Amino acid sequence: MTGIYLAGAILIVILIFANRNKIINNVLLILFGLLQSVFTIYQCSNYKGTDLGYFTSDSLGILFLITLTVVSLPALFHSYLYINRHDESPQSRSVYFAAIVLLITSISAAYLANHIAVVWIFTELTTLSASALIYHHRNKLALEGTWKYVFICAISITFVFIGILFLSLSLSGTGSSDLSYANLMAKSDQLNPFWLRLAFLFIFTGFTAKLGLVPMYTAGVDAKDKAPAPAGALLSSALMNMGFIGIFRFYTVIAQTPLHHWANIVIFVSAILSIFVATVYMTKVVNIKRMFAYSSIEHMGLVMLGIAAGGIGYYAAVLHLILHALVKSSLFFQFNQLYRVFQSKSVAYVGNYFKYNPTGAIVLLIAFISATAMPPSGLFVSEFLIFRALFEGQYIFVLLLVLLLLTIIIWAFAKNIFKILFTPVVGFDDSNVPQINPWESLTQYALLLAAVWLGLNPPEIFVELIRESVILLQI
Amino acid sequence: MIDVLLIVFIITLLYVSIANRIITYVKVLALQGFILFGVTYMQLQEINTLNLVLILLETIVFKAIAVPLFLDHLIKRNNITREAEPYIPNFLSLVITTIIIVVTILLANSVKDENLDKIFFIVALSTLFTGLYFIASRKKIITHVMGYLIIENGVFVLSLAVGNEMPMLVNLGIMLDIFASVLILGIFLNKIGDVFKDVDVDQLSNLKDY
Amino acid sequence: MLSLVLILIASLFFTGIIIRTKSISSGRKGPGIFQPVKDVWRLFKKGSVYSETTSFVFQIAPVVYFSSVAMAILVVPFGSTKGIISFDGDFIFFAYVLALGKFFSIISAMDTGSSFEGMGASREALYSMFAEPAFFILMGSFALLTGHTSFFGIFSTLHLGSYITYALGIMATFVLVMIAMIENSRMPIDDPKTHLELTMVHEVMILDNSGFDLGLILSTGYLKFAMYGTLIANLYIGELSLLYAIPAFFFIQFAFAVSVGIIESFMARYRMSHNPQFIFALSSVSLLIFLGVLLVLGKFV
Amino acid sequence: MTYLYSAILFSAITAILFAKSTTKGMVAVSMVFVTSLFSGFIAVPALVGNEYQILLAGTIPFGAVSIKIDALSAWFILVINFTMITGVIYGKSYMKPYARQRTNLTMHWLSYILLHISLILICSVQNAMVFLISWEAMALSAFMLVIFESYKADTLKAGINYLIQSHVSILFLMLGFIFVAVKTGSYDFNAIVEFSHQQPVMAGTVLFLSFFIGFAIKAGFVPFHTWLPHAHPVAPSHISGIMSGVVIKIGIYGILRMVLLINADYTTIGYIILFVSIFSGVYGVALAIIQHNLKKLLAYHSIENIGIIGIGIGIGCIGLGTANELMATLGFMGALLHTLNHSLFKSLLFYSAGNVYQSTHTMSIERLGGLIKQMPHTALLFLIGALAICGLPPLNGFISEFLIYGGIYDWLFSADLISLIIVTFSILGLVLIGGLAIFCFTKAFSIVFLGLNRSPSTSSGNTTSSGSESEMSFWQLFPMYMAAALMIFIGLFPSVFLNLLIKPVALFKSDIVFNPNLPQMGTLDSLHTINWVSAGFILFILAVWGIRKLVNQSKVIATEPTWGCGYCLPSSKIQYTANSFVRTYTKLAKPMLCIEKDETEIEGIFPTKKHYDTHPYDNIERILIDIPLIKVAAVREWFVFLQNGHLQRYILYGIIFIASVIVIPVLIDSFLIILQFLNHL
């Protein structure tokens, strides 16, 4: 099935790219949507099955795959609206759609890959497709964003590759040369620690570019800023999850070795620095999209804290990723409507949104509550569990520091969001404000409610899957 | 013999760090391509011939000939000035490169692993860091591209070290090579060259948060 | 009951004695002892003038003021005989009821919208606020000393038998006298006979009252004096039998009145800006009393 | 029953969503009534002793959720219900002028209902997670209510300030619950009891402190009060009334609940609470006096009253700690009763302030005056509220303060030297609070309602000023009279409420073995005396009043201008102002306060128009909020270079990260080796 999926997806990509006809494009899009959903359902059905030898549908993969599909269908829908509204040239339209389809495909493949090299290949593909999306507007800034993103990602990919080489070196002592995670787990006790150390360091550093952590988070911010909002939604939700999978699967291997503690320290450093950076810029930026991007960085920092803290933290981290994906994508979708009202990305020129589009404003409000993990939202549960994990691991000072930083972040976030929602902008003439169709916000409500529901009252199976996905770490 | 070639490889790094003119970098890249060709030929004895041929072709055609020519073409097309315009005086960068090499040697010295001959490791790591340093210290974007290519070569050397056990990794390296170079150079050729003539990085630093 | 009667009697001549003392000490003959009462009676018979600025507050205030003091008097015991009302913590009630009266007199002064009466009002409010802690701590220390929290309990069991308790008694008397001076706004806090409104405290507050209301206010003043006199007296007549107690009571009232008169004729009023310090000093004195009590009870070990 | 309720709730919400803006208020009123009925239906039996308890299945992250309404919860629920009802009735008419802002009103009434429900939930749930959730729901809905006039910049600013600080409070609560959950693995409140029994007392105290800070922020104890004086004034008046009537009381509930649950060293806790409370009380009232914004003044008085309640709790805790039953009883009774009282008179005062605002459109008391002529009802109600908040008999404030005094004086007899000193300070504090409160409210009442109107519109001396001021509608006055009536009732028949309070207080004393041979004061019995004493007092006043009437009938009653000491042209300009009223005090209290003056000297023979403003500031706020924010900004500025748009730097970060991860451990190791070497020398 995976084969069919990949083949079909590639075919669709090529077809979209090839033809310039609007109708056919949309049809193909719908086809892909169907394909994606069918594929997801199939993967759920053959749980723990392996296709083509390299794709295993394990619980983590399935969880993220479902999240991706749930996010990507609205993403396609919103992209459709977006493209139509900007009456693009057929060429740029087809490039855009082809790229987004390719992005989704490669991300899903990367989720399921059970071999570190395969993950790596699909990571490269995501860079390719993402760069096309970022460059969609074809102006100087977009070009700059693309250039930086591509370059940073290329370097990071190289890092990952070097990491893989070191890994193979550390493996070469054991006589086997199979880099699949299963084998690594099996051989974990014989791996050469020196090479393993370097391997983890490089692989971690490399994947931070996708995951959005210090040190390589930098280009990601520009990318999310420059890409069209629906694409930005994918970049800041599913793509980050992919980066997480890249690190996490290898971390599970490390966790079996004496290097576990060292790896935790590295992750701690990176995570805390990320939250700090997020704090610095959340209080600084006026560009709404960049603000969202930095808040994603903050959340990823929290997630990695959960991983490093261990215990219940693993569970919390995965949960947090999924919920964050839902919430953040809905925020990005909402941004489009916001932009249509005010024609500006800057907080300074945006305000009193409640008056012009109450439905969207309420989305923004709920999304804000969720993104800051205030209690009624689902992320509160995961964040609470992460804090609990930190407490349990006796990282009290880390916890206090993080709480302090988070408070500052919430303050900054609240200031901007409520400015957007309530404070009228001086000299903004609302004569030609477009009437936003409230039904467009439906998907966003759905995503947000899903986030709340999964957080507060998760179904048994969901909890089981998450437990299953971190079972290897419970040592 | 391999060691000799690799040492020459390191010397090229030192040369890059003091070279002034962009065209020199291109030449160095080509030279590195040839060296890699030789190393590959002598190193990868055990893998099957077809794969070996493929790899050799990649090194000789892609690394040694195509990319340098392409770069040359780019330079001419966008008539980029010939000076490299480093931020840091050449002498200093020579020192830094040397330090990098020494440090990598020390690091390699601490490895307790018999089934790897250290020289590969040293060359690879020093190339990697030199390349990174190269990127960080030069002004022109084209030099960034070249720095990246140098890194690629270093990685390729490293992949050769394990090539016999896992030829797949070498292929992956080649793939990365082609992919990244094509992508980056492609963007460079199509867009940046057109949008800004004779780019240096200051024109590409508008996306910032302060 | 007894205390009520006695206080009423005492209030009749108390102010008279003060005035008489002052006039004698200034070499005049002076009016009869019952002159103040006559004045009040005259006022009761007069009609009254109200400022057009005022509201019902101005009308009801004197009534409340009077009744609050009357209520406070009901609480005061006489030596070993209970007051009409007596319960644990009644001195709290005492203080707060007086405060109620004060509240109304202040707002009635503000009700006229005059520029002078506000002055008096703010001073009155501030001074009485500063005076209260002294009273409460005094009572607290007596409560600690005697183990009771009602006027009756305290005074009926208060026994000044040792040097240190004498010292306490004297200090307590001083504090009570001074509180009485403040509450009745006499020297050295306030000069009832001054001629410049700017320097008045209590007098300026009642500038606009006339007729019955003024009478009420004046008579309230007399009652207050007698009431505090009784409190002071109670310090000493605790365990005397009525036979001795009543003469002692009148003697103490008399001495109090005379001393007030003497103070007023031989002392100048403090500068307004000095008053708060002085009043707050009372609290410090009462803290000293508290420490003295601790000494008596041997808590210092 | 639950289904019925949720059905009603759902229909109400839909009704509010789609009704037209005049009827929204009506729906909200009825909804609040229904909620109060349902909750009261459970709470009233619970108050007299038969607890209500159910166990819900809950969800996977929460575990089982137990809902329990014991006497304490019941008391608070009833208090909440009453004030919410008066608030909603008042608010319905208060909101009339805003009828055009439809969506805004919808949000407002929805949040009102949500606030009511979440408050009741907080009082009844026994599960940490659900508690936190309802806690934040309360905070958010309160926030939405506060920022009703969100188009005003400072309203939004104050609202966000409040939101963030309540988030900080929730962080502290979270820490506490995490502490418990880590040690016991359960989120149920019983886990806290279990925790405090198995852990050392020290841990219990630490836990309590964490909770205390969390709740203190909500309750507005100094120094955690800084949100309060901003949030209350900017809100619509009925919301201000509710905020300081019940929302901050939830903090008190939390503290009491934790005292119940945590078995810590009660004496220490008591001392801590006592100190904080005395400080809060004095500080609050000291700042209240210098405020010239009526609502802000009232807000600071909320801090003061929270202080008084806190003193009660502190006394109660010390009573538990020293096994002194009467002291405990008096302390907790006083605290609980004062909670009710304060919710009554403070909401009453805020409503009156609302009336004043609606008729004059200003809150600066320097511009007001003489309103008693136009708004006699409001004036009377404000007067009653003022008397009550000053704790003057025969109103309810006196009763609760009397109880607390009783507690302190009772402590006197069982105390050792150190605690005796503390006793004196508590007495001093309480007395000072009382005195200052009187000072403050004489100022507030007389400047706002008495004298002549000071506002420039009617500078001429005539007493009937601009005329725009007028009394409010019946439905706006009715809830205020409700509150006033209840206040007077408590003042006259306290024993009724004391009997109601027996059960809640008994909860605290349940697991303590009290020392029987302590001197017992009859303070409680004396309250029965106070019943008829206060009644008699009122009768006496009426009697004197009657006499006065009789006497004055036959007399000539003239009306003249105010006696101006010879100057017979009284004008609103020459009146005593609020500023001059407190001038002496301000000079005395200067070191403690911080007032910025903005004045222009008068010069020349015919001086032009001059002005003199004072802006009181809160030193603690400056130290705790403003300066740290500046510091944060400064630190931020050091790091903004990170995202500088230069590709090379970005790559440099990567190099630095890798290099440091490789190098730093090596350095550390070598350092350790050198250290060892040095040690072995």
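Annotations for the structure displayed:
Letters A, B, C and D mark the chains in the order given here, with residues in each chain numbered from 1 onward.
By definition in this document, a contact is a pair of C-beta atoms (placed from the backbone, for glycine too) under 8 Å apart; a residue touches a chain by one contact, two chains touch by 3 or more.
The model shown is predicted, which means the values in this text are computed figures rather than measured ones.
Under the touch definition stated at the top, subunit A and subunit B share these contacting partners: D. With each centre defined as the average position of its C-alpha atoms, the distance from subunit A to subunit C rounds to 79 Å.
Taking each chain's centre as the mean of its C-alpha atoms, subunit C lies 36 Å from subunit D. Mean C-alpha position of subunit B lies 100 Å from that of subunit C. Centre-to-centre, using mean CA coordinates, subunit B is 69 Å away from subunit D. In subunit D, the residues that reach two or more other chains under the touch definition are 640, 643, 647, 651, 654, 662.
Multi-chain contact residues, meaning those touching two or more other chains, occur in subunit B at positions 132, 144, 204-207, 209-210. The set of subunit A residues touching two or more other chains comprises 147-148, 151, 155, 221, 281, 284.
Inter-chain contacts occur between A-B, A-D, B-D, C-D.
Per the touch definition, subunit D reaches subunit C in the complex via residues 369-370, 372-373, 376, 379, 383, 387, 390-393, 398, 402, 405-406, 409-410, 412-413, 416-417, 420, 423-424, 427-428, 431-432, 434-436, 438-439, 441-443, 445-447, 450-452, 463, 519, 521-523, 525-526, 529-530, 533, 537, 540-541, 544-545, 548, 551-552, 555-565, 570, 572, 574-576, 580-585, 587-588.
Those residues of subunit C that touch subunit D in the shared complex are 44, 46-57, 60, 63-64, 66-67, 70-71, 85, 87-90, 92-93, 96-97, 99-100, 102-103, 106-107, 110-119, 121-123, 125-126, 128-130, 132-133, 136-137, 140, 143-144, 147, 149-150, 197, 207-208, 211-213, 216, 272-273, 276, 283, 287, 290, 294, 299-300.
Across the complex, subunit A is touched by residues 59-62, 103-104, 129, 132-133, 135-137, 140, 147, 150-151, 153, 156, 159-160, 163-164, 167-168, 170-171, 174-175, 178-179, 181-182, 632-633, 636, 639-640, 642-643, 647, 650-651, 653-654, 656-658, 661-662, 665 of subunit D. On the subunit D side of its complex with subunit B, the touching residues are 640-641, 643-649, 651-652, 654-655, 662.
Subunit B makes touch with subunit A in their complex at residues 110-113, 115-116, 124, 128, 132, 141, 144, 148, 151-152, 155, 158-159, 161-162, 165-166, 168-169, 172-173, 175-176, 179-180, 183-184, 187, 191-192, 195-196, 204-207, 209-210.
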